[in-house]
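Below: the structure, in structure tokens.
Letters A, B, C and D mark the chains in the order given here, with residues in each chain numbered from 1 onward.
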Amino acid sequence: MVKRLRIIVMALFLALTLAATSFAGAHATGHTKADEKGPGILLVTFGTSIPEAQVSFTNIEKKVKTAFPGVPVRWAYTSYIIRHKLAKQGRNIDSVEIALAKMMDEGYTQVAVQSLHMIPGAEFHDIQVNARLFGQMSGGFDNIAIGYPMLSTAADLDRAVESFIRVIPAERKKDEAVVLMGHGTHHPSDAFYSAMMYKFQKADPNIYVGTVEGHPTLDDVKEMLIKKGVKKAYLIPFMSVAGDHARNDMAGAEEDSWQSILTKAGIECVPVLKGLAEYDILADIWVDHLKTAMKHLK
Amino acid sequence: MVKRLRIIVMALFLALTLAATSFAGAHATGHTKADEKGPGILLVTFGTSIPEAQVSFTNIEKKVKTAFPGVPVRWAYTSYIIRHKLAKQGRNIDSVEIALAKMMDEGYTQVAVQSLHMIPGAEFHDIQVNARLFGQMSGGFDNIAIGYPMLSTAADLDRAVESFIRVIPAERKKDEAVVLMGHGTHHPSDAFYSAMMYKFQKADPNIYVGTVEGHPTLDDVKEMLIKKGVKKAYLIPFMSVAGDHARNDMAGAEEDSWQSILTKAGIECVPVLKGLAEYDILADIWVDHLKTAMKHLK
Amino acid sequence: MVKRLRIIVMALFLALTLAATSFAGAHATGHTKADEKGPGILLVTFGTSIPEAQVSFTNIEKKVKTAFPGVPVRWAYTSYIIRHKLAKQGRNIDSVEIALAKMMDEGYTQVAVQSLHMIPGAEFHDIQVNARLFGQMSGGFDNIAIGYPMLSTAADLDRAVESFIRVIPAERKKDEAVVLMGHGTHHPSDAFYSAMMYKFQKADPNIYVGTVEGHPTLDDVKEMLIKKGVKKAYLIPFMSVAGDHARNDMAGAEEDSWQSILTKAGIECVPVLKGLAEYDILADIWVDHLKTAMKHLK
Amino acid sequence: MVKRLRIIVMALFLALTLAATSFAGAHATGHTKADEKGPGILLVTFGTSIPEAQVSFTNIEKKVKTAFPGVPVRWAYTSYIIRHKLAKQGRNIDSVEIALAKMMDEGYTQVAVQSLHMIPGAEFHDIQVNARLFGQMSGGFDNIAIGYPMLSTAADLDRAVESFIRVIPAERKKDEAVVLMGHGTHHPSDAFYSAMMYKFQKADPNIYVGTVEGHPTLDDVKEMLIKKGVKKAYLIPFMSVAGDHARNDMAGAEEDSWQSILTKAGIECVPVLKGLAEYDILADIWVDHLKTAMKHLK
């Protein structure tokens, strides 16, 4: 079957191959490619090496398989260190590029790559660039579609705010703060956390967004909490998993954890060790982005 | 209208645009793109600054317009010097990249680029690489298809041999040689000239292929002519146009022209100053390649 | 560490060319390329057809030429409609792709493309993708570097806030609002405007950011103004130029202009018809981004 | 002059990362990349599942390791069927894309990909396109250089002819033919076999080149042998390995093997079951191409 490559140069070569019927059966000694397969899904996350945090990924995978019954689902972790650590424990997980190269080799013609990241930052940028390059490969996929991270369009931001508010622990009172801990990044998309600060504040002036490595900083948040006279705060990871950052940077016993710093500032802290992908209402945002991506395949 | 980009990443962005109906009429102050146009054709040649040689291009263009009535036909010359020289005379001809950038800007969604070269050498390689990159541009063409130069598949080689033999001057006798002057190149595709030497020799042992800048060399040909005791040779450019190479390197009065060298070796020379694109039977090979390219559009 | 990406495939071809010394002088009949030139700068903006708004571009160009004396500066407008309108008036301005194709043809080996946009949105994305593709072209640039729009890194956001505050009209009193009108976009980077709302509010709770086509909306801003009991507001375009949007959507006499709507809500409006690129302190952000890009050339 | 292509867009992001020193140690919880490694070599062949044919690859690998002591050498087979067959026997060999994705993941910054093919045909084209795409990946190689197959430049063709003539079995007499069996292809590069026919015939009119799947055909060769009255022919694979094609299509017992067909035509056949890579003088051509590629790294 002639592949439908948008860049037709290749197609010309292939068309000529078909025209050259006198060579039928040519590669009898070793077909260069596997039989073509239908669509496949690649879920991409930073990864985590903390077993308890896996529940986030398990939940997403279950939802994805329900949404696309029969479509093979693969995983790739972008963190080399985490993959390396897991490999020592006997769990081999691919990089995005190895995962795509394998799917290409196995004959997948259609692949939807779903980013399970929060924002379209450096990692999403890498996935996007590299998946597009795979889409241009000779002898490779007909189509690659890439699903957005959770926060992308203005509608996503609003949906995330509304959905998140519904999963705040029921016992939290209006005068008690909710502090979200995002990752933060050197990438321009660090601005998404400031945008979320505005959006959450607009919806509930007692919800705050800070980041470990970007802006707003914990200092920014602490200053707002003190100014408002907050006495108690729920600390919640603004990440897909409650992994190392949540357990150590946010809720760790060390002096420089968010919990330690805010407690020292006289604010009682209640850490919530659940990743956002554990909440169906939030996981659904990623799944819906995957649905959009899948619609672009075929 | 949503463009059909094989690489779907863009499409996702565009899809979201459509979804964002509340922004309808957004770009009222300055649409970023022209209205979409149907297919266009870009004919690409090295170019020539010799007015008499233009007849080759005129013939090809006439044939192309007949084959695709109503489809706009553009030209690009790959030689900077020739374009520069013509510009001084008031004739502005674009480079391949400028021509494609203009067509992209004007809203062409489908472009067939037809190489009027003899072999898939360095210039064809450049056209192919760069046209493909245009095909990947954001906001650009839906499809770009590239038509092969005259000599590409094995069938092309055979067709060129058979067609050429029919246009040899009728007065030529079997014991008179026909010497084809190809351009030759440092590119691996220089091998096509040696391949044609074998093919022509097989069809008529008194037809020879030499090149100005590659292999076989004029020395190779001269040695064969002398060995065979040839007394008279028709010199014919193995190029689309009878331009500078044909008029000077082949048939010029200088000591080192092919005519001078072979004459000195005792072989009477009859130069034929017609480019191959002037012969319908040969021009049709390019036109047929363009037809194949056009079939891959839309 | 800055990665030095080099696609060597082409280099191999060129190296082989050099090796083929026996072909020296080969292209005597028509060099395919122009003589190599040093670096060039391409400034890219959406464009404007309003003559009075040109002062923004004039200011940026003057600053760029002062920063890089002797380096040729070209302009490209991304808006087809504006270019089309200007062309009718005899002013021909290129698209990004035509401008780059011309620079490639003229022999520029190094090009810095500076986006004069506010955010890394859809237009910056297009510039980035397409300029990169030009960087991969056969026979083209050695290097292409792309300068960020005004708002990119966290440091840019802070710098823009601080700089902007310094250019607010001196007569504005603290209880008078400053309302910035950004463009807004369907692209995920629409989040930058919400991020700026948070950043400005943090610096001065009486500065607001709204957008014409994205979020925050004018309704969002109006609600905040009314809640705060604002009586007077300075309306300032959050755009490089005070073009059509500033003159009509912001300060126009129509019922649905920002000025009309806010006036109707009982807020006295003082429109400021200056583009941000007219203020040196803000124009310098773009110029500094260009400096970073230029450092990556050669 | 060798062009140094650098796609700087990425570099800008990385540079900005460095500028953001306040985020130092940011990814303490999981570095996204492995430590950088020096150059690596990837040898690419169609592959063979015949154990006795492996001697060709063993010889090349030994030579490569001697030429580049300490540089890791990897293999990739382009044939899916052969890899699949070997995998069942417990030998896992990667596709080109999987091999490159692994090297990228392991931190190689410089990779030379050496094609062990005979001609720059469809498989070389695929390697070239896909390796270049790997060279453009975000977070990937600084440099990728690709070494030509055996037959590429005019000098290669001449060197191959001269070298091959030296390895013809010593007992072969001048009036005995040497028939080379090349693979042949639907790709335009099929012309290389016709070119070699001309080159070999010029050097020794009793050496012939045929192909299994392209041109010249066995019929073409048989006709020439009969015309010349050849009584005995040495059949030699014009391939890197003496694999399935050599053992079956060339020297097999079946009625339609070259040996059977020529024997039936009254020509005594002496098959030589050695791949060209087993002869040092021929293997050196590939190794020299790899040397050129390695020079373009770093």
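Keep this in mind: a contact is a pair of C-beta atoms (placed from the backbone, for glycine too) under 8 Å apart; a residue touches a chain by one contact, two chains touch by 3 or more.
A quick note: this is a predicted structure, and the numbers were derived from the prediction, not measured.
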- Message: Taking each chain's centre as the mean of its C-alpha atoms, which one ends up farthest from the centre of chain A?
- Response: B
- Message: If more than half of the interface residue numbers appear on both sides, call it same; otherwise different. Which is it for chain B and chain D?
- Response: same
- Note on the structure: Separation of the C-alpha centres, chain A versus chain D, in whole Å, is 40
- Could you tell me the distance, in whole angstrom, between the mean C-alpha positions of chain B and chain D? 30
- Distance from chain B to chain A - Cα centre to Cα centre, in angstrom: 48
- Item | chain A, residues touching no fewer than two other chains | 16, 20, 136, 148, 152-154, 186, 214
- In the complex, the residues of chain D that touch chain A are 13, 16-17, 20, 23, 26, 29-34, 46-47, 49, 78-82, 84, 95, 97-98, 100-102, 104-105, 122-123, 125-126, 129-130, 133-134, 136-140, 184, 186-187, 213-214, 243-245, 248
- chain B-touching residues of chain D, taken from the complex the two chains share: 120, 148, 151-154, 156-157, 186, 188, 190-199, 201-202, 214-216, 220
